[in-house]
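Encoded as structure tokens, here's the structure I'll be asking about.
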Amino acid sequence: MGNTLILLVGQGIQMFLVILVAPAVTGIVRRVKARFMRRRGSPIAQPYRDLLKLLRKEAVVAGNASWLFRAAPYAILAFTWVAAALVPTFASGLMFNWAADAVALVALLGAARAILALAGMDVGTSFGGIGASREMMIATLAEPAMLLVLLTMALTAHTTRLPEIADYFIGAPITVRVSLALALAALTMVALAENARIPVDNPATHLELTMVHEAMVLEYSGRHLAVIELAAQLKLVLYISLIASLFLPFGMAPATAGVVAWIAGAATYLAKLVFAAVLLGVWEVSIAKMRIFRVSEFLGGAFVFAFLAILLAFLTGEVTR
Amino acid sequence: MNYAYNVSHLLAGLMLVASFALLYQDRIFAVLNTFAAQAMLLAMSVGWEGWSQGRPNLYITAAIALILKGIVIPVALHRMIVRLGIHRDVEQVLNVGKTLLIGLALTALSLLLVLKVTAAAQNFTREGLALALAIILLGLLMMITRRNAVTQIVGFMSLENGLILAATGARGMPLVVEVSVAFSVLIALFVFAVFVFRIRERFDSVDIDALEQVRGDRK
Amino acid sequence: MSPEMATPLLAAIIGAIAIYGLAALLAGAIGGRALALVYPTAIAGAALAAGGDLAALVGQSDAMLQLPMGLPATGLHLRLDGLSAFFGLIVNVGVLAAAIYGLGLDREHGLNPRVEPFFALFAAAMNLVLIAADAFSFLFSWELMSLASWALVVARHDDADNRHAGHVYLVMAAMGTTALLFVFGGLAGIAGNYSFAAMREAHPSVTVVALVLTGTIVGAGSKAGLVPLHAWLPLAHPAAPSHVSALMSGVMTKVAIYGMIRIVFDLLGAPSWWWSLPFLLLGAASAVMGLLYAVLDRDLKRMLAYSTVENVGIISVGLGLALAFKSSGLDAAAAVATSAALLHSLNHSWFKSLLFLGAGAVLHGTGRRDFDGLGGLIHRLPVTAALWLVGVMSIAALPPFNGFVSEWLLFQAVLAGPQFPYPILRFLSPAVGAMLALAAALAAACFVRAYGTVFLGRPRSPAAAVAREANRPQLAAMGLLAVLCLFGGLFSVFTIALIQPLLVQYAGMPMASAGAGPTFFSLVAISAARSTYDAPIIALFLIVSGTVTTMAVHRLAARRTRRSAAWDCGFPDASPATQYTASSFAQPLRRVYGTAMFGSSERVDMPEPGDLRPARLDVRFVDYVWQGLHAAPAGMVLSLSEWLNRLQFLSIRRYLMLMFSALIVLLLIAAVWF
């Protein structure tokens, strides 16, 4: 029974950890980008201040917006938050990690996306429609690649539960596997697309015909916008955690290892987040955004990588059988 | 799971990835760079096999691959492109998505086939053969999906990379054959080059569909 | 367990069929006032039959009855076993909802002597198919089902489109029944005993099996709507009145699935691995094609019918995987695949009926069903909008609703694919999985588009601006189905528990029972260490985190809200015509997938400067399936000779391609042969 309590506490810590660090990760990415462009850039804490500022402002809602428009931000945040709480971060095997496996995780994010797209269409403006339509198109390209990545992982680790996959890779001997490298590449490409990062979408843009995510949230303001922004930042943390737990699980503490191990695990986790944020910043300044219809080729590449990963994993399995 | 196997798997797998990158690229210089990278991977792979199997004659093959295909041919093609003034986008017959999907299906087919046919053979050989066959088929696919003569040459060379990979894995090819294969590839390059320049002189384009105009029997 | 014990349940089903039949007879013969009796009577019959089916499932009963009618020497065999009872439950819950909805029709729109009698007859025929236990009665009731539904399709025969739909449907149905005739001929063999019990004992040769499989795909597959035999479905389903569309799309396709399972899993004996191939390939193709059709369509009801093609494809993939796992001896995975197929049949019957009934409410409220004339209905039809949202979330396979449960199970089955001992299946399973993932994402896109254009935004026509909400019985019918969708999503352990005996029978092994996972409600695939999904926990988490956020934001943040004109980047547009339409929503998808699948092409006709005529954008599609299967056979011979003639005049590249293709074909032959 004591164990259950520890696991529950750990789960609670994770829920609040991910949401607390989320704005900082975005802040780091922006800061790194600014430095590379020879600008001073805003402080890393700026996203927190932005959120607080938005919360203090009144919400302006379009005259014909329905209840769906006003409820959507909270639903989006709830779906994203639950998904983020279930990805292993600083410790594996916390209380509710088993509630959703990798497939369910993808579906939770899909639900958040569908609600966001619906909210974008609610007011009936052309920008909202443009964003929703493109977002759903990008999702159709990303999801098959995502599933194939999961298949590769399940093929290697014989489970679809994320903590078990992480444990498997912590325990497995280090080998050079092209298939895993390809799966990592594919998952990273999917993550870039899903988080509206360059080259698929530009998070810094506003008022541009090529925008996707920003177009959907154009009508939001005040507290609604704050909640949606927080959900987007949380999603970035979620994908980084997902990639880290699948491909760089080292340093993750077992769930019942005690407070010291948890702190060590949390420190490694935060280090991974910072590393990933810096990497993302460097990536974003060094590459240009694609035309929207080049995205299908970009994500088609992710699909090919993921499929090759499976084929090579089959080959290895067959040859070393 | 030994070390030698891991490295040769890595190199051969990366060659396959390079083949896909060739199919995906539609800028002509990027195609050349990818091809050079593939040739270098080939050289490393062959060199590794020579070291791990203790067959020094494979070093010569590796050296030929590195110098000829990793450096000489890409540089020559690069110059040719600059002289022809065709450093623009490659036109493709099929779109990229379909080409890649076909490529995946071909890869699956070759893995399936080789694993089935060579069930009795030694394991490393089987894997090398399977990947080599995939690279060969992808090279062929590249040749038929591109319209530009230069990229067709690259497709042919990449196909030949696959052949060499297969030969290294199979432990069969004597040195003389290898040298003569390398030589004939060089000859092929010259023939292609002359051919491309002639097309260019006649038609102001290296789009091979331009050749169709010469034939009178087409409606 | 013994037949005697269970006979009352079979009698209940037969009684319900008699009630349906009586209602049909009375309404048909008397008409007028008697028409109003049909729906109350059907509700009684459906409740009786659904209760009987549920009791038979829970009690695992198996009742048989032989009557001296029908074919000489065979007689009339009726049987209510687990499979019949499960699909009977699907049918009768669907009929129940449609009949409750029908009460509302009675109240407002009056009744149609061409609809009500056949509605009851249709319900009776579907029940009869499920309990038939010999070839003659099966085919008879199958044909009765086809004809009753055909009559409903042409109920509004004054519309030329409906007449065309009826014509195509009749031809396809006749072809399907003919194919099934061959199937049962093959199964009965030379001995010619047409009872199912005798067929089970026979051991058909490989040729006969191939014949039976082909016949089943053509016969039952065309009724279910598998690509490429789906052409009638998007024509016929929307042509019928909406509550009948719900029955045809949500329920009758399941009767066809029942036919497939009965023939392939039950009568044909122990499977070989290659039996799975047609189900996997056609299923995956249906899943993707059905949705691509749906996402490009501009008619609400036709879009729903196309989406049925997708869902039938998903079920078919489930069946194919079940056959493949079963033949490989992987019973645990076979149980997952079978339960995915069965649960998706159940779930789809609920949410597709819900969506069709909602489309009916939209149609009654506005008089329109084209996306370009709708919009903003969330303000005019608030309850329908909320219930339809449940249907949308379910069909788009989003947690915590029921569509996701069956999708999750199916993906788990796909993820077990690498265990196949047969290399072809092993290589095929990721491809099928990718197609399913594509279909799932397309389904989300398709239904976001539908919901966004119908219920959200601003009204695109005057009719949509003054639409009326559906009446009480109609809302009650939709509400019932919405509750079922949520229930099936949260408490799937109960639906799994219902089908456990079927899994033992057809997959060789049950699913992990309730309580095998971390909590009682955890869904477990293959083993608890491998994959778990716990919908109630997820739902609890969602509620908690949603409430916490809402409360925190409302406590801490400014609570002022101001209503104002839409911002729209500073260019608020007065006309609703400037909204994104359904076609513009689908345009990126059309660009990405349409050129390959439908040869879609755009042509912009831009007038010269100074010319005052409007610019036009023409989009053309080619429906390859329709052309290939329905239009082409006539011109095929001619074009073939033309084509062969062209071989004489090819380019170098084309000759190279010919040689390359020949090489690939040879390699393929080698791959299959050795």
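Here the chain labels run A, B and C in written order, and each chain numbers its own residues starting at 1.
Following the convention adopted for this analysis, a contact is a pair of C-beta atoms (placed from the backbone, for glycine too) under 8 Å apart; a residue touches a chain by one contact, two chains touch by 3 or more.
Nothing here was measured: the structure is a model prediction, and the numbers come from that model.
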Any chains in contact with both chain A and chain C? B
Most central chain by CA mean? C
Round to the nearest whole Å and give the separation of the Cα centres of chain A and chain C. 33
Distance in whole angstrom between the CA centres of chain B and chain C is 47
Could you state the distance in Å from the CA-based centre of chain A to that of chain B? 38
Give me the residue numbers in chain A that touch at least two other chains, ranges are fine. 296, 303, 307, 311, 314, 318
Would you please write down the residue numbers of chain B that are in contact with two or more other chains? 97, 108, 111, 115
So which stretches of chain C touch two or more other chains? 423, 427, 431
Would you mind writing out the residues of chain C in touch with chain A in their complex? 375-376, 378-379, 389, 393, 396-399, 404, 407-408, 411-412, 414-415, 417-418, 423, 426-427, 430-431, 433-438, 440-442, 444-445, 447-449, 451-453, 456-458, 517-518, 522, 529-534, 537-538, 541-543, 545-546, 549-550, 553, 556-558, 560-569, 572-573, 576, 578-580, 584-589, 591-593
Flag every residue of chain A that touches chain C in the complex, lowest number first. 15, 55-64, 66-68, 74-75, 77-79, 81-82, 85, 96, 98-101, 103-104, 107-108, 110-111, 113-114, 117-118, 121-130, 132-134, 136-137, 139-144, 146-148, 150-151, 154-155, 158-161, 164, 207, 218-219, 221-223, 226-227, 292-293, 296, 303, 307, 310-311, 313-314, 317-318
What residues of chain A sit close enough to touch chain B in their complex? 173, 175-179, 182, 296-297, 300-301, 303-305, 307-308, 311-312, 314-316, 318-320
For chain B, which residues are in contact with chain A within the complex? 1, 5-7, 9-10, 13-14, 16-17, 20, 24, 96-97, 100, 103-104, 107-108, 111, 115, 123-124, 126-127, 130-131
In the complex of these two chains, what residues of chain B are touching chain C? 93, 95, 97-98, 106, 108-113, 115-117, 137, 140-141, 143-144, 147, 208-209, 211-212, 217-219
